[in-house]
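Below: a set of structures, written as structure tokens.
After this come two complexes, each holding chain A, first together with chain B and then together with chain C.
Coming up: the complex of A and B.
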């Protein structure tokens, strides 16, 4: 019981907005609604909701690297693409029997993380920072996009998996959970919904613990003043690299889930538009807070989809306008701004009541 | 054995010779002040000692060990600590969190809480602990950063203009703070323009001019030195 309580306490801290019974009560209600939601909806709509959830992981990756760590990575889509293609190559070659799709998920995310170790080592140990970090990471993702786009010929294959150039790779199996009797195939409806929701809750809570730990303290210290952080004895390059690799793995999770959800992946998933969108979700929500990032991403994605349906060509323009407005009105993010406002309101209320 | 020894330290920025064959020795337990006109190379010397710049030639010895090739964080682990010229606090974080980040690598749990409390009292910042550090007054920021620097229990504390922007009362309080730390055994090397402060704390003074050690001695000897007065008035090339 005390172990449980101490774990619970580690979920809260100065690095995350939202604490106390009020916040966790609301969290439980939202989670309960999310769990009950498929009972009141149809498979297609639920599958569409999964699509929103899939993107939250890459948003969280940007949240910790940029919002908490202060390093703007413009190339999280590179890790998204590597993991997505990785999952495709692995499952097209080895199939989905014996729960291999779950192994492929882990391996594909691992490959993305390994690539981040290499790239991050040269960037952080080479002391690349600020806008140059954004340029290097953007260049990497655009380079990968260009490379994959020219793999249309039959000579471009890994095992039996054709890369297919600009058309992308398709027909990989969905995630499949081995089960006595019949394996559970997670098609893009209720099954996948619960899987992704569960993963999202685990990742969100784990990141809250990480960011409120002493490790998280150093990460925000580096954002605030890297020189001071180093002069307190921290090897800031190591901390930056670890954060970057964790972020790459999160972006990789998005990539695998996206590929498994739609059973396809194309080079444009690493292109300019794809790279810019997560920045907007995270900036609009509130990049320096996990909860704001999750809420902001889901809201902006839902709005974006509605706009695409009713006025396709204006949706991207609207995204740009939204970013500009956020920077002008609430530079720390709209959701975060609202949450601070609610917090102040609650404080005033309890003061009056007491 | 001396605590810090700089041997023939040279640093060029292009054609500019900012540190020119500097020899300086610090004995354990002393408070040593580094003075000199703007551009004398005082802050550059600090950056060389801290490993933010690397010398063109020469050696830096700390407690007998040659640390010239060590990275900054490794020098901090050896027992160096610094307060920068422009207060280097974590502006967006609370005062308490600033101290926690400084202390967390040495203390955990209840011990950490106790240490934070002790340091807040020492700095006189108890009532400001929940404040965002960026909202503190300039003097309070200076103290907070001194607090972060001393929380590492350094053997040598480097202070770059610790009293800049402070009122005479605050300057005097800072001087007392430094003397208390020194009484506990901390060696201090301070860059300072405020002569009242230098007079209050310094046991030995080094004058730096055009990247070279120009004069060295007690504060009275330095004040009596006409050549030193001359370089401050800008006439000098003695």
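Coming up: the complex of A and C.
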């Protein structure tokens, strides 16, 4: 019991918003609603909700690297694409038997992380920071998109998997969990919903623990003042590299889940527009907190989809306006601002009650 | 084929790559070097210049006047953008990147909605000439000369005019310049307009050579960023030599393995250079000098 309590205490700290019974009570309610949600909805809507959840991982990756670490990376969609293509190539070659899709998930995310180690080494050990980091990551992302877009010919294949250029890869098997008797195939409805929801909760809580640990404190210290952090004896390059790799792995999870969800992946998932969207979710939500990133991502995604249905082509213009206005008016993010306001309100309320 | 034609072919490809890199990068380099702002909407200013050029040429103006119109319109749009957005973000460089990206998104999609997915192009003027077995476009030579001309004009502007002196003073110590009576806000506005106008010029110059689509800015933006990263903050000590070095890398890789490998060569070059020279070529030169 004490072990459980100490673990619970680690979930709270100065680096994350939300503490105490009030917050966790709300968390439990939201989780319960999310768990019960498929019971009240149809398969299509649930599958659509999974689509939203899939993007939360890449938003969290940007939150860690940009919001907590202070290094603006435009390259998250590159890791997204690498992992997505990795999953496609692996499963098209080796099939989905014996739960191999889960192994493919791990390997694909690993490839993305490995690529991040390589890129991050050159960037952080070359002491690139600030705007240059953004440019280098953006250049890498655009380069990958162009490379994948020209792989249309039959000579571009890995094993039996054709890369198919601009049209992208398709028809890879969905995630499958091996089960005695019959394996559980996670199509884009209730099955995948619970899988992704579980993964999301685990990742969210794990990141809370990580960011409130001494590691997270050092990361935030580097964001606030790199020189000071270095003078205090931390090798900031290592910390930045580790953060970057964790972020890349999270973006990779998004990529694999997206590929498994829709059973396709195209080079445009790494293009300029695709790279801009996570930035908008995170900036609007509030980049310096995990909870506001998750909430912001889901809200903006839902709004974007509604706009796409009713206003079709104006949706992207609206997103651009939203981003510019957020940066100008509420640089810390709209959701985070609302959360702080609610927190103050609750504090005043409890004070008066006490 | 004798050696002279080989040499000419190599020189021609080098000149073509150099012109592309310098023309697409100098607007970005002016804004970054002078203001420390990375303008991610740079590609969209190029697109703006190209579209205005094409529209005016279709309306009956000769091409040089069209290019001039493209430059001026881009510069004016630049002034508006500076007033509305950039001005409020000078103390937050990362946020300017994000905001200009939002602008780029608005501009690309807005153009798609208003003008449509393509615009009728402009024919490449001047025709071509023959050396050895290959024919070369004269317009590419014009582009190379334009790149040199732009560099010379920028040098003259920042070294020999009153605006240039005030701009450099503002860049060095903004408060001091302001105390001496320089309207630093005006200087920033004009510098941004200058960078945007240079982007428009690049768009206008390249309008006859490519298809006009709303996403055409993305064709330039990677090369522009790579050149600025390698060059560092100074336009003359950075962008011009970086353009030269990268043009060699690009033309050699392109003639060896094709266009894509030319771009991959650029990317590898930038990753290696930032590892060795984090402040770019101009940072290296300036440190050596002082």
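Here is the rule we go by: the second predicted complex is superposed on the first by the 354 of 354 C-alpha atoms of A that agree within 3 Å, B and C clash if a C-alpha of one lies under 4 Å from a C-alpha of the other, contacts with A are read in each partner's own complex, and residues count from 1 in each chain.
What we mean here is this: contacts are C-beta pairs under 8 Å (C-beta built on N, C-alpha and C of every residue); 3 or more make two chains touch, one makes a residue touch a chain.
Every value quoted in this text rests on a predicted model; they were computed, and no experiment measured them.
Of the two partner chains placed by superposition, only chain B is touched by A:217; chain C is not. Once the two complexes are overlaid on the shared chain, A:93 sits clear of chain B and of chain C alike. When the two structures are aligned on the shared chain, A:308 is found in touch with neither chain B nor chain C. In the superposition on chain A, A:167 makes contact with neither chain B nor chain C.
Of the two partners, chain B and chain C, it is C that touches more residues of chain A. In the superposition on chain A, A:232 makes contact with chain B only, not with chain C.
Contacts of A:14 after superposition: chain B is touched, whereas chain C is not reached.
Residues of chain A that lie in the contact sets of both chain B and chain C are absent, per the superposition on chain A. Listing the residues of chain A that touch chain C in their complex gives 72, 119, 122-123, 125-128, 130-132, 134-136, 138-140, 142-143, 146-147, 150, 271-273, 276, 279-280, 283, 313-314, 316-317, 319-324, 327-328, 331. Every residue of chain C that touches chain A in the complex is listed here, in rising order: 32, 36, 38, 85, 88-89, 92-95, 97-99, 101-106, 108-110, 112-113, 215, 218, 221-222, 225-226, 228-229, 260, 263-264, 267, 270-272, 274-276, 278. On chain B, the positions that touch chain A within their shared complex are 50, 52, 71-73, 76-77, 81-82, 84, 88-94, 97, 100-102, 104-105, 145, 148-149, 152.
Note for the complex: chain A touches chain B at residues 14, 214, 217-218, 220-221, 223-225, 227-236.
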